[in-house]
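You will see chain A twice below: alongside chain B first, and alongside chain C after that.
So, the complex of A and B:
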């Protein structure tokens, strides 16, 4: 029988109120009402705050309660900022519609964690595995058992120790719900649901403490540092080991930080972290709405596109982490991970599963730019797009800015089916005669045209409409003849590594880079070069850098007054 | 027509393969220049469609002058054979009728008429290299087409698409089932246009077909693993040549292909089995022909199709068996002198696939996932 939870309205309302309270606004006046007990009392200043992403939420739940917890959650997309959705999270709020989604997700998680299973409905029992004790009577409250489960859970979700008084209030809320519902587990589920709705769980708050090495200035407290580290490297909240390092003071020492960072870099969870980072950096969120015209590209199915995204993420991890390849070689290597479904697009035999595949030296497939993901996502549904590909290369990989097209662009020359122009180069040449368009197309098209041997689905073609394709071009003064030449020009471009540095640092601190960060990026880039452009070294450099830990004077805020905090929360909600 | 003692490998002049290639364009899903097909003198194909060959016009008047639909299906025969006298039992009627099809009788004359195909034309192959009185002419004018199986089933609704469902279920079985995954691999190929010495090896495959984005065709270029364990009995080798883009193999004395219908794995057995296929880099279309073993054919139909399906397509097995036996035209039983096989062909469509052999196989080289340079140069 399915287990349903009838949460008393008054109790739930209290928890929801807690969810709407400002995390940085400790005040006596806020501590009123049924749910007020859950409002934080942490007095540390707040340097920044960002909303948890859907992927981080799911990863965290999976690592706390198991990967088989099913959460159907479609959180609102972030605004891409400074090239990253992860940075946009720093400016995201929680409107009412989003709160409903959080609540739906929280309810799903809580119900599954305390589930006692149902053989008929094939619902597994999880309570014996996830709840470390059994109540004396499952129909009644059991404070000791509730305290054990809720204490462990709250510590991981809130990412810091839970004060005794606060834990007492969790236990009391669980007991109240258990008594009303005559079910111990319902009580636990209700409090767990409330925790998952808490702003302290949904927002990653950077709290600070005085920096002993820079008197008068602030640095992240060890718990905020632990969260920042874990989100950068694992794309999830810190686990017990990292929290213990924060609690023991190990993260407050350079030696301790080094040990933990190395442990995290060695962890298999690094793959989740790097997949999330590169997925963000390459703007692969576009895959969510990507489709190809079946009439134009019958071989490109939804399965193929899903596999294409997966291929690039797997290849990046395989080459940059497993093989510790020079980051720049990602764009010139002939090796990529291959799956059977993708073999049909690349026209090569494959082995079951995902296996490395190396194209021969004379193959037109060279590096990430010639992978189906980059080619297909930066193209139109039924044709390629030299402009989109060129723009993506500049913006995503070189951190350059390509202006948006003016609103009154005349696309007729491009879209005229009766045009005498056979190839994309011919069509774009006509387009570039318009001086309004020429400025931007001059910086995108010579790059994108080098990839015209690959159609809008990423399939190889030697000719377009019977005309052999001219793939020559130039990238910032470096001339080339084809995609391999473009790959080499990109490999040698000084902005390629510095862009990765910029993105990785911004992703790690969860905030847009400021003008003053330019020198910092330069320093990181020099260290990155000195290390041989190895990703692991870059991550370690960033994670252990003073900048990653410290809070610069201009961003050190004073604790918000309750009134300010409420106004701030209201503003975000709007 | 009886089987001649010596079968002749004919050069393809106006062959049905060319006609089939012209009238049934291969379901290419990608431009040929995008597919690296011929690797180290080898190219593989996987079956996507397999139907018994025959000539079918929309109104059926040309091939079925007695009528498009045989009126004596199972329901109609049952009604006549077992009139409702109020005393009959299920055992005496339904069971008796059902059981009789499990013990078919070719000797007793049928009390019901059976419409056979009587027209001039049929698709298929000239199996004996001769033109006989019972032979058909192909739609493009090639005489001597041996297809007595079409004569037998050509006016049975089940075998006449779109009303007859056999074609639909045959396609469905190839799409959804695994046992019938037939692969052919051509080796020693210098050119897909002309090569006077190639080897064709047939295998059973392990992997699924991949439908394209339209859902109506299959993607070429998939990787198919050979079933070297349970598929050993299907490994058969044919010698042949390629003439003007058409593959023509010499017949082998006996061959069998994996078959499946309604999830029932079985085989089809051929004497003098051979291929004639129009080859393209991404597909192949044509015929698999020979003298079909009558008993195997009948029991495949018997076991896999319920009376429900037989009734909907006017297939009365008792009657069909008698006609099958009557029209059988080859391989007489030494004891009885009665023919045991019937001339017929399967219309076959394939898409190109990379065939991967298990590591223990001597052909492990073709299983390497590292690309062959020749192939990549071709792509370039």
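So, the complex of A and C:
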């Protein structure tokens, strides 16, 4: 084989596959340590397993092979659990139909990674950039070059050293495929496809090891910790630097963990991670099928709604990370990032691209609750919904539970043609007067009504059907007159920071919180408060906490016996 | 017959210019009687489900007459062209027993699993399509295909287990690509050349299966079920590779499908939903005719359908709770407007299946479709009298054109009957008050 030692800088910039950019020796990619004795899997006890999400898959592929790899993934949606889709991954299974989609995605990825380009279509050759060596003859197998590429790739996808026996299998399979197809690169593609179907790749497995600081107890092994960290902070699998820290033992020390967490917090990839977290926390998955009635809101197109979602995610990162703002101020600030398409909805002048815009002090736009995203996604297609907005505020931002409506209710008084009800407040009074409905509507409507100056598309209005809108209300004992007052009440609500803590921790460990975690959340919240409610500090606290590292295995596993391991080796050799 | 003309015929269907097109028969693929394939195999039996949200208005939905030639009240008047192909079931009940009534969730879960759910957050267990697919869906490329006309991937009514949802196709373009894209093997293609890459894929997959087995051995009890399912899904993929390496049996009813390139506009206005529903049904019908699957699910709208009507500010679900019952008409007119649109799409669904000639009959004749809503009277979330339909004769095993009233019997009787018709050996179906071992004999041939 011929190794590449020169890769164009432009390619490297988009190529986080550090193993390829600085090719490791093949032997470094395969386990020589304790894991090497087994044929295919690491025998350590398992504490949990979660399925990769579509975003995590796409991010990982983009970072390994470049952002221009196109994948139509279509993974099944997760079940929202404990407020998060990411937590639903802890229970999600893979039925046959989903496996077909994984396979289709794997084929797309593999074909592009080994693509030789197309001069006519002006598609560059990716194989030159992504395969760190050239085979002696592209029409034949080349075990050394295959071992280099597959070893590096497997290490990043499996997120731990791949047992030598498994790597040997990969190389043998690539040789077989190359011989059959008379194409070295086809051989690599076929094996890459197979890797992308591995349960070791598609499931994130929490493997444990004895905890030296708590004799008799377990903690995550450094590789599982690396994955957990990376999914929390980057919403993708760990890169070469993080894996090296696991391999070198750095992640097994408190000092080492601190250095790596700080490096990850400083990385521009934090933006991807935080966008994913807040998108999940704010239940923005609803945007995928959100539409507004064009008769009611002719200006609110799919492009507007996409921009609205983008605005909130960009604004959160800009304010909480770039500007290091107090988390609570996200709800009272008058600054948000603005784009031209949204300028027309907000009625403000804009510059090209995304630029910070600060509304004047007397503007009704105050904080995240008055952004088009929150207002539009928590509304009906052709009208606003004080109830939905109130429910979203309580459930998404305060981690409170709003009961489902009772089954036997009659809302038709809302449409009584003789009724004098003109505004949402008039209509919702019907609910609050009905004892069956009142229980829930009392806890949602007084909040949502404060946002009634914004219609179902998030556009400002002073009146509804000619009647001036009354935006007064109360949130858990704090009265206010308008959206700005609601924003302040939310800012001051003790559950606002603790809810973020709860969500961030659940998202980080990828599992529902247990009863015993309440005290933990309280401790984190105190530290969060002491830090001035800065997001970066909260992430660091969680990522470096003993709780984030310590785990309890589900069950002591039965490792494969040497006889079984042998049988597997033979079966594969055949 | 040349492929060009066959393609042209189906394109006509897809553009909506002619639903009932007489499709060309390739009789050389059939036996002398036209009721079996030339190789002696029976034309396969298919099972499908169809669901619409928010029930009906009893006074204008339920026919006065039972049995054959039942009347079609105004809310189901659009079913006239397909009346001979369907059965209507009314006055059957579903029972939540001690479980809470979870509004729009409880009814459909009972009718598709036989069990009342205990929590909204808990997904159903195995749904009826999955149970049936285990019996009749193991030889085709896809054990099950599901689609939703809402454009929302979250609207699924097919579950392998509480933790595994069969996500529906939600985009016509994506649905086309998945069914008839590069992996599709035309059963009527003159030439068949096994793809060497598929052989290699199969070989590589065996290594992945070994890895999974290794994990299974080491898994705790809780984890084991998920890994078992994973392993089984890999096995299914392996089976698909085997299929790709085997020359498919010719299928006379299978036509070439023109590529769908344009996505219907996003949105849930009833016209958009109907358009999406029609295109996806047409694709589904051809997937069945080409034997890509034998089990299929279509959802017209979600259980709390947010379908909208241009110029009316309430989505369907909101209207069921807020619209005043017209004192003269005796029902909610706007709500009924939405239900009528659903019934039109149901009629179209049946028509499309009936338009595909297969053997001596149609695709619908060799199918059995089970349709239901989630609720009866949506305003009060009533579980009594949830309307249900069947369509198709299940290869001559079922009568059609009948209106059957259940007199308060468990609605699970219908699902149980259908599973028995499809050859499932089950002594009973359902739990607690939804348990039944009594078939609806009136529809059996």
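A few points about this structure:
Note that in this section the second predicted complex is superposed on the first by the 498 of 574 C-alpha atoms of A that agree within 3 Å, B and C clash if a C-alpha of one lies under 4 Å from a C-alpha of the other, contacts with A are read in each partner's own complex, and residues count from 1 in each chain.
In this text, a contact is a pair of C-beta atoms (placed from the backbone, for glycine too) under 8 Å apart; a residue touches a chain by one contact, two chains touch by 3 or more.
In this text, all values refer to a predicted model and were calculated from it rather than measured experimentally.
Of the two partner chains placed by superposition, A:492 touches none, neither chain B nor chain C.
Legend: residue contacts after superposition of the two complexes on their common chain; A:338 is shown touching chain B, with no touch to chain C. With both structures placed on the common chain, the touch criterion links A:468 to neither chain B nor chain C. In the overlay built on the shared chain, the residue A:289 is in contact with chain C alone; chain B does not reach it.
Of the two partner chains, chain B is the only one that A:347 touches; chain C does not reach it.
When the two structures are aligned on the shared chain, A:299 is found in touch with chain B, with no touch to chain C. Legend: residue contacts after superposition of the two complexes on their common chain; A:360 is shown touching chain B, with no touch to chain C. Once chain A of one complex is fitted onto chain A of the other, the partner contacts of A:194 are limited to chain C, with no touch recorded for chain B. Counting residues of chain A touched by each partner, chain B versus chain C, the larger count belongs to C. Looking at the shared chain after the overlay, A:72 reaches chain C, while chain B stays out of its contact range. Common to the chain B-facing and chain C-facing surfaces of chain A are residues 294-295, 302.
Taken in their complex, chain A has these residues touching chain B: 292, 294-295, 297-302, 338, 340-341, 343-345, 347-352, 355, 357-360, 362-364, 459-463.
Interface residues of chain B, counted against chain A in their complex, comprise 29-31, 33-36, 39, 207, 210-214, 217, 219-223, 225, 354, 356, 366-367, 369-373, 375-377, 379-380. Residues of chain C that touch chain A in their complex: 101-103, 120-121, 123, 142-146, 150-154, 156, 160-167, 170, 174, 177-178, 183, 196-197, 199-201, 203-208, 210-212, 214-215, 217-223, 225-227, 229-230, 232-234, 236-237, 240, 266-269, 306, 308, 310-315, 318, 321-325, 379-381. Residues of chain A that touch chain C in their complex: 38-41, 43, 46, 49, 72, 74-77, 79, 81, 91-101, 103-104, 166, 169-170, 173, 176-177, 180-181, 186-187, 190-191, 193-194, 197-200, 203, 205, 285, 288-289, 291, 293-296, 302, 380-383, 404-405, 407-412, 414-417, 553-555, 557-560, 564, 568, 571-572.
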